[in-house]
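Have a look at these structures, which come just after this line.
Each of the next two complexes has chain A plus one more chain, namely chain B in the first and chain C in the second.
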Partner chain A sequence: MATITLKGIGKRFSRGAVAVRNVDLEIHDGELFVLLGPSGCGKSTLLNIIVGLEEPTSGTVSVDGRSMNGVEPGKRNMAMVFQSYAIYPHMSVRENLAFPLRIAGVPAEERERRVAEAAEILELEELLDRRPATLSGGQRQRVAMGRAIVRNPVAFLLDEPLSNLDARLRGQMRAEIARLHRRLGTTTVYVTHDQTEALTLADRMAVLNRGEVQQAGTPREVYGRPANRFVAGFLGSPPMTFMRGERDGDDVVLPLGRATAPGGGSDVEVGVRPEDVREAGSATRASADALPRPGVGQAEAPSDPSALLRFRARVELLEWLGAETYAHVEVEEQDARAEGAGWGRKREDGRPRPEPGPSGERPQRLVARLSPGSPVKEGDVVDLEVEARRLHFFDPDTGARLGDA
Partner chain B sequence: MSDRGTALERLFWRATVLVVLVYAGLPLAWIVSLSLKPAADLGDGHLVPRHVTLAHYGAVFANPHFPAALRNSLGIATLATLLAVALGVLAAYAVVRLRFPGRRLFLGGALAVAMFPPVAVIGPLFDLWRRVGLYDTWAGLVLPYLSLTLPLAIWILAAAFRDLPWDLERAARVDGATRLQALRKIILPLAAPGVAAAAVLVFIFAWNDFMFALSLTSTDHARTVPAVLAFFTGASRFQQPTSAIAAASVVVTIPVVVLVLLFQRPIVAGLTAGAVKG
Partner chain C sequence: MRIPREHRLGWLLCAPAVLAMAAVTAYPVLAAVRLSLYRYDLRFPDARRFVGLHNYLTVLTSAVWWKAVAATLVITLTSVSVELVLGMALALVMHRALVGRRTVRTAVLVPYAVVTVVAALAWRFAFNPTTGFVQGLGILDRPWLSVSWSAFTIIILTEIWKTTPFMALLLLAGLALVPGDALRAARVDGASRAQRFFRVTLPLMKPAILVALLFRTVDALRIFDTVFVQTRGALGTQPVSLVGYDTLLVSLNLGLGSAVSVLIFVLVTGAAVAIVRGMGGALPEASFR
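Entry: the complex of A and B
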């Protein structure tokens, strides 16, 4: 049980590579905290700093208020599961589980008892006398977890524990880790580059990029209100579509239409998630199963035309996944500056366009999530809509979230 | 086509192995043969002795210097091996695991020492040892053996360590082990082939050395077997001690052969460590 506090953590390797920059995080007692980020963003380095395998070049790690700087990893009573599992190949499963206890000088009898207990929790009883080389990937993973829980550590540190497993086993072990965490209630730091793992497992999470924390919060907060363009683009699959919004008074003009945008008088970058795009007219159903977004007023009715962007698009590609369909569409150009009913004019009507679209000559592409029962076919032109309150606005220069951030 | 190619290849390799075996084995066989022939048959030119006698072996063990020499050889070679492996393990660990300025220079320097011609130091060493009192002592031989074999030991051990997944050591340290404990309980058992290879090579070097043993010792106090062999005499002053030397050589070779057979697999594994990814 422990609260882990990181203050101003920085790490510069001897060859000048900066792996971690000024990280401030508080990992609360008993929570499962996920560090999420792309490869090379410094997740493992941060974990190694927490456990003491690396010394930070600046900042302090403290556990329950006690500074851990300079404390040997073995003295921190944390347990770590490595991506490679790091099971000792010359020892049986039983010896592997007992190793931390043996080092700690736990008497043989209690050692046996605790190994048996851990083996029971992880269903390893039948494997206790096997050699690691004879185990499957999932079994090795469980042995590594077993070695971690056997000593009642103050925290578990897991470095991409599932990335070496095949997809099915990964889902299974993910559930197992969630179950284990609920059962033991031990503070856990979980490193991954897989957003599904992060969103499903995390009590709270932090998104890292280039060694810097981009955002920390609950998965709902981070997904629902990404603090910047990086987080917005990193979370979500298929990812958010970004487009340029040209400033026109209080509004911005998008390839999709016109919307009220926060933040100064300059252009903005606008992000749209696939699940926020729907076929026009399916409003009530779509908004019912959408994620609730904190901090956004529910005052505007979804059918309020001023809060709805309706546009026409040509379907280029359909991805049918059984439970849902993703449509990759190309937005048809429209006279977005015209207000009211006229804005959805088709190109086929033959009238010359008054001005080129705000996106210039390149057509805007977009991904929309449709219901799997949708009759839409590739090549069709469909009417789509997005609620304006579901748009994410970012500063095009700094990438920071604008408005309700 | 390809079948004939592989058949031809196989033939080639078999022939090569045969040539090497004969080349390496014939002298050995000849020595064994000599050691078993009675003195009168020595010059008969037969590989298989017509009469077999164990008299020469009796003579070897009857030689008043031989048991002492055997004891010295065993003791000195073992000491040199233990020290070289212990120091080599620590040095290799540092070279592979720790970052310190001059790491490359250290490895390069070690290699340079390994290439140094030992003959060049014997003269000065003789003078020095006499002055500091190391002449004709075990330490007087252990020290040069250690110095000359340590670089090779470090290289072999470093190669073995480099192949180990270091996550294992990190895991051990998180599990509560100190660096030294992790080295002892995780790294060394896993690097056992490399350690065995290094140990055997050091032992053989020390066991077989003739030059240092001859120059830096004078009595049973520290004289080793190869040096004692040189002073063997025949049954009479007018007889060549050929058979006696042959018998003694066989006796001396046996421990080495046993050692190599015992550690053959680990040695090969250790010598090729790093060459291929296991």
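Entry: the complex of A and C
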């Protein structure tokens, strides 16, 4: 049981590469905290710093208020599961599980009891006398987990524990890790690049990029209100579509229509998630299965027509996945239907509209999630709509979220 | 049972190599075995006749042979065990070296690149009572190569100096195979440096250690040039290979000399089998995935 606090953690390698930059995080007692990010974002380095395999160049790691800087990993009483599992190949499963206890000088009797207990939790009893080389990937993974829980550590640190497993096994083990965490209630830090693992497992999570924490919060917060363009684009599959919104007074003009945008008088970048786009007139379904967005546009009634962006688009490609269909569409040039729209018109401030940029020359593409029963076919022109409150606005220069952030 | 066509093709493709090996390896060995069953002394070539195992009896009942076996074993056991420890230390240093890795590896290899006879001569000169530099070192001033134990010491030192790099390189290859994650895991599990070395690194290096020990033992059992140059077998330092050389090429007794050669062959093979048997049982089945 432990609260892990990271304050101003930085890590610069001897060759000058900066792996982690000024990371402040608090991992609460008993929670499962996920560090999510693309490869090379510094998440594994951060984990190594927490466990003590690497020393930070700046900042402090503390556990329950006690600074851990300079403390040997073995003395931190944390258990780590490596991506490669790092099972000792020359020892049987039993010896592998017993190794940390043997090192700690636990008497043989208790050692056996605790190994048996861990083996029972992870259903390893049958495998105790086997050698790692004879085990399957999933079994090795379990041995690695077993070696972690056998010590009753203050925290578990899992470094991409599922990435060497095939998809089916990964789903199984993911559920098993969730169960294990609920059963043991031990503080867990889980590193992954897989957003599904992050969203399903995390009590709270942090998204990292280039060594910096982009956003920390519950999966719902991070998914629902991404703090910047990177987080918005990284979470979600298929990913959010981004488009340019040109400023026109309080409004911005998008290829999709016109919407009220927060922020000062500059252009904005607008993101739309596939699940927020729906066929025009199918409002009930779309809002029923959309995620609740804390604090976003609560005042507006979802059925308020003025808060709707309606647009026409040509379906280029349909991906039917059984439970849902993703339509890759090309947005058609908007006409006067986008009421009061400035698309293709002069700006009100009298300045001529800038020549259509890259987004203007190439038609705007978008991914929409449709119901699997939708009769839409490839090549069809369909009317789609997005509720304005579902749009995400970002500063085009800094990428920071605008408005309710 | 029919032999699949591919198998036959495989054997056909191997055939030239098999023939060549038979011609240069199997034939001489078998010829030596045959010779060893004859009384055949080039000083009395007409007295050549089949004597069965008589030559072996002569060798195995002679004090010279057994003294040579003892000398060979002393040199082998001492030099190989010291080399193993030193080689391991060197390998660890080379493995860990952060700067000048290549320079260190090249520097370490220099003694191995020196021709054995030259190395043996260099060491003999170094310990020469009149010209050697060792005499200048005060307490070391003694007739090194005139006393049995110190002659052994110098022979063994020469061997160690010369072949430790070889051992170190083989062990370095083994060290590189120890997965870093296993060592990190052991560190997280609380193992100290020494515990990590003895409980993780060493067991995982067993295959490499086995190979290194095998090569060096087989090599050391056949030691010849160093002793030939430094003492020429005097003072009880005569190894078995020198006995074979003297019987065969000095006394020109082909029968007896061949018997000695065959016995050396058996000794070396026996040692190799013993090493593989002794360590093979504990080999880890597979490396990390």
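Simple rule for what comes next: the second predicted complex is superposed on the first by the 379 of 405 C-alpha atoms of A that agree within 3 Å, B and C clash if a C-alpha of one lies under 4 Å from a C-alpha of the other, contacts with A are read in each partner's own complex, and residues count from 1 in each chain.
The working rule: contacts are C-beta pairs under 8 Å (C-beta built on N, C-alpha and C of every residue); 3 or more make two chains touch, one makes a residue touch a chain.
Owing to the predicted nature of the structure, the values given are computational and were not obtained by experimental measurement.
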*Fit-or-clash call for chain B and chain C when the two complexes are aligned on chain A*: clash
*Would you check which partner chain A:Ala133 touches, where first means chain B only, second means chain C only, and both and neither mean what they say?*
second
*Have a look and say if chain B or chain C is in touch with more residues of chain A.*
C
*First, second, both or neither for A:Val61, with chain B first and chain C second*: neither
*Quick one: classify A:Val386 as touching chain B (first), chain C (second), both or neither.*
neither
*Answer with first, second, both or neither: which of chain B and chain C does A:Ala368 touch in the superposed model?*
neither
*In the overlay, answer first, second, both or neither for which of chain B and chain C A:Leu309 touches.*
neither
*First, second, both or neither for A:Gly74, with chain B first and chain C second*: both
*Would you sort A:Leu235 into first (chain B), second (chain C), both or neither based on which partner it touches?*
neither
*Name the residues of chain A shared by its contacts with chain B and its contacts with chain C.*
51-53, 72-75, 78-80, 82-84, 86, 88-90, 99-100, 103-104, 147, 151
_Complex interface listing, chain A residues touching chain C_ = 51-53, 72-75, 78-80, 82-90, 99-100, 103-104, 131-134, 137, 140, 147, 151, 164
*Complex interface listing, chain B residues touching chain A*: 99, 165, 167-168, 170-178, 181, 185-186, 189-190
*Within the complex, which stretch of chain C touches chain A?*
179, 181-182, 184-192, 195, 199-200, 203-204, 206, 284-289
*Note which residues of chain A are touching chain B in the complex, please.*
14, 51-53, 72-75, 78-80, 82-84, 86, 88-90, 99-100, 103-104, 147, 151
